[in-house]
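For reference, chains read A, B and C in written order, and residue numbers begin at 1 within each chain.
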Amino acid sequence: MYEFVSGPLVWIAFIVFIGGSLYRIYNMLSSSKKEKVVFPHMSLKHSVASLIHWTIPFNNQYMRQRPIFTIISFAFHICLIIAPIFLLAHVILWDESWNMSWLTIPDAVTDGMTIMVIIGCIFFLYRRLTDPVVQNVTDSSDYLLLAITALPFITGFIAYHQLFAYKAILIIHILAGEIMLIAIPFTRLSHMLFFVFTRAYFGSEQGHVKNSKDW
Amino acid sequence: MKPTIVKRDLVVDTALDQCAAKLTPEQIEKVVNEVIDNETGGRLQTYVNTCIHCGLCAEACQWYLSHDKDVSYAPVTKVKDTIWVLLEKKGKVDGAFIKRCSEIAHTECNVCRRCGMYCPFGIDIAYMMLVVRRICAKLEMVPLYLQDTVHSHAATMNQMWVKPDEWIDTLQWQEEEGQGYVPSARLPLEKEGAEIMYSVIGPEPKFLAQLLGNITVIMKVAGLDWTMPATAGWDNSNMAMYSGDFEIMARVERLHHETAQRLKVKKIVMGECGHAFRGAEYDGPTWMGWMKPPIPIVHAISFYYDLIKSGRIKIAKKAEGPITVQDPCNVVRNAGLGTQLRYIMNAVCEEFVDVTPNGRHNYCCNAGGGVINVGPPWKKKRVQGNRVKAEQMKRTGAHTIVTPCHNCHSGIEDIVDYYKLGMHVKFFSDILIEAMEIPEHLKPKEE
Amino acid sequence: MLKIESWDWESKEKMLADTAKWKDKFEDVWEPYISPDGEKIASIVKVGEGEFNIAVNEGTWEEPFEKIWYSRFSPDSRLTALITKDMEWTMAVDGKPWEQMYEYIWDTKFSDDGKVIAATTKLDSVYGITVNEKTLECPVNLESIASYAISSDGKTLAAIAQTLPLGQADLDGFLKGTWSVVVNGKPWKDNFVDIYGLAISNDGKNVAAEYRAAICEYGIVVNGKPWNEKFGCTWEPVFHPNNSNEITTPVRQAGQWFLATNGRIVWDKGFVSLLYQTYSPDGNNIAATVAPQFAKWTVAVNGQPWAATFNECLLQPCFSPDGRKVAVIAKDSGKWLLVVDGTVLGEGYDNIWQPVFSPGGDKVICKVEKNGKYAVAVNGKICGNTYEALWNPVVSPDGTRVMICGVEDGKYYRKVVPLSDI
């Protein structure tokens, strides 16, 4: 079992993730061409300006207006991406099978980051349950996505601390990670892929076409 | 997903009611899919698929804020209750649903694009509301007064059923009014090769003719070479853009720009109107296949900014007391004229008090996006839907609000009335005409 | 037709008026107009409080009026203007007002020979087309006239008119149709939601227009009979120059523009935009302004777009007399350009007026503007003087000379230069 989830399934997950992502992006670009104005309205300069203002915390008015949300959401997203990539244990796996390795972050730090992701998930869950606007647009898929996101981190945390049933938890952890990878291109987790594009378009339209700003 | 709980006072709009009664499911399904398949693309799909249901856009919308955070007015809710369903059900909805779509898109959203600026993804909800309006328009599900205005555009190429002779007659009359201030002032009609074509919106000749007199004086004092057309094509406004009747929108915009081309002018200067600028600068040209207008169009704010900054117009006596401003979305948030607006406000006012939030973050007046044009039945809802604007204006302590946009002007007047703010609402040119210096040689001779 | 042959093609240069003197003589001088033969220049002038006149060459009209506007020369060089007397309006021709006075009068138009002078008038709240002082009788009271067209011979006058009253916010009434076309006083049998783009065939026999059938449904109607085909949108139709049964118009289908003749799509390729379809003089070729892609404009001749595109806009293309060449004014990156068969000729200008071809088609002549001065450009290059005011150059019928009329230092000159010299 362990061999399967940590062997071929990883392959499959990465192939689906990368292939699926490329497919979704290609699809989005080609169907955007149908509307003749979309590409002529784009501008690199204004796309970058928009991204700079929306990927640096507190770099736009709205983020400053909601400090708590901004801090948690940034911490969450940064940790979500950084922790798995630079976790020592993950890098070792890459090294073993591919002879590839890179910088790692001390385990204590990635542990903290994992906790941060879990806190983020709890925070988002709390908002979904209590904020009337969010509640009104929430359905089961939103909870599912939250679960898909939280599970690899919760299981990773348990596995790292070897709290119980290490082997079983480890298998679940790997599976959860694979599910998440596979889910990214095909669910609304794809906002991770499309973020750059929707921002670039709105930034271009506000800046290039409308001579204004979007932050 | 649970349906949104919607609490509204009953509004009777005969056009919507009659249309809801007569639409068949087949008609609806056909039109919805036609619009989605032929007129939208990856942009709409990506917006819908990327929205993470986070609700952050809610805080942007004056409707939501003014209704004590009633979720049914939140931008994302407006999308949920319209386009999400249309896409999911592939157009298999009934007349009552389309009617609700029109209520949401035509009467509860000003397509002001503030929410787009508050969504972390830059999802343009206003664009999606325009797609909904497009579907509604093709099904004739458009509020009575808005549709009537669009019919006026279609039949007369102006917003107010103004007939060709009435138009010219009004200009000739207002030329005389202007000559009361400056006897040598002239309103040159059909002057081919002039530097500037001046264009206005339909309500000016109909209800606010003094603005035409004002501009006659301002042009003379500034010594500019200008003209106005004596044919259709003089009206730069465009409610068809807001009902969703894009063919009529394009016909109106095309005529406006071709009139400028026919007159061989270098630029079009337009009066103080927000949506007209949007139509003439972006929406119209985009439909026509122009990246930008073939003859550049200059909004009144930029025009006055240049005149004051260059000293072509000098200020003799600044307006007294605290005066504030309404930033029209379509020329500030969506055209970047906020800084110029502040420059001219400071130039003509002794004490200019800014609003908060201001500039491109300003709240919409709630009249824009065609919402004032849906007419009397919807007025109460519109005014109640912008309590935050009343509070914002009140905080400034100003005695006058300057609105460089016709819709804002009427919308803010209604708000001042309803919330008993006791403030005056003026166009910038109203203030300028009082404040500017009229050189000795242009003044009327004493008898 | 106008007798251009009879104009003075011999005098090399005539100074016909010193308009600078007008400025001293009158309180205000408006922009000048010239007669088609170039012999007269005229400006509306203010002669006193509420008193206007027209200065023509060295003189003025005999009688001043309370108001004068829209001074236009007829093709046979008579000067018309719209005037008021005792708060009523009428047309004045060479200083002599029509006897009939109107509540309002506007939009003067002429037959090609200038014998017919027409205008829209309003009298006792009824609108009409008035031709040589006689209002065309119409069996119904016209509520409004949006615009009208006059045939070359002046015998056919067609107006887009509202023939039924419409109540306030009467959506159903509007969609049932209140607009029609009134040809020489006779309205078409049916009404339409809207009518646009009126055209009269060269022989004056047929009248065509765009009509709107429903909210987003358009078509072409000829002599009151609609084409069977309907489209998402249309633009104004044009007649074949020698065959009044052939009508061509841009039509929109599934978000693209196509060219259709008598209802059938004739160009297989669709465009983002398609405007100003123009027949060659013999009617064998059609050119149109098209955008194959968003914000990329060019001319398509018989459906084939030129390779070069321009990023702002294009005006109406025009054919050389033999129909082989096509010239168009294009705007690219803020400059106006003269383009012939896809090649830019000369430099960019601040403005370019509609060009004319020499009879042999080898020279394209037009009025251009640069730094506030005007000049004549041949194949895109400025030839000769610059002027404060200039009118479109006219090529003589035998193609050997060009008449250039312009104002220099306030003086109005009419010059005739051999085409070979420029």
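Points worth noting:
FYI, a contact is a pair of C-beta atoms (placed from the backbone, for glycine too) under 8 Å apart; a residue touches a chain by one contact, two chains touch by 3 or more.
Given the structure is predicted, the values throughout are model-derived calculations rather than measurements.
Taken as a contact graph, the chains are fully connected, with every chain touching every other chain. Here B is the chain whose Cα centre lies closest to the centre of all protein Cα atoms. Separation between the centroids of chain A and chain C, computed from CA atoms only, is 61 Å.
The mean-CA centres of chain B and chain C are about 32 angstrom from one another, to the nearest whole unit. Centre-to-centre separation of chain A and chain B, using mean CA positions: 39 Å.
Residues of chain C in contact with at least two other chains: 272, 294-295.
Touching of two or more other chains is recorded for residues 39, 289, 291 of chain B.
The set of chain A residues touching two or more other chains comprises 36-37, 40.
Of all the residues in chain C, the ones that touch chain A in their complex are 272, 293-295. On chain B, the positions that touch chain A within their shared complex are 1-2, 4, 39-43, 45-47, 49-56, 58-59, 64, 69, 71, 74, 76-77, 80, 116-118, 120-124, 282, 286, 289, 291, 332-336, 357, 360-361.
Contact residues of chain B toward chain C in the complex are 15, 38-39, 137-138, 140, 144-145, 147-148, 151, 154-157, 163-165, 168-169, 172, 184, 186, 188-193, 230-232, 245, 247, 250-251, 261, 264, 266, 288-292, 294.
By the touch rule above, chain A contacts chain B in their complex via residues 27-38, 40, 50, 54, 61-62, 65-66, 69, 127, 131-139, 142, 188, 190-191, 194-195, 197-199, 201-203, 205-206, 209-215.
Chain C makes touch with chain B in their complex at residues 27-28, 30-31, 67, 69-70, 103-104, 106-107, 120, 122, 127, 144-147, 162, 168-171, 174, 178-179, 193-194, 196, 212, 215-216, 218, 232-233, 252, 254-255, 272-273, 291, 294-295, 297, 311-313, 315, 331, 350-351, 353, 369.
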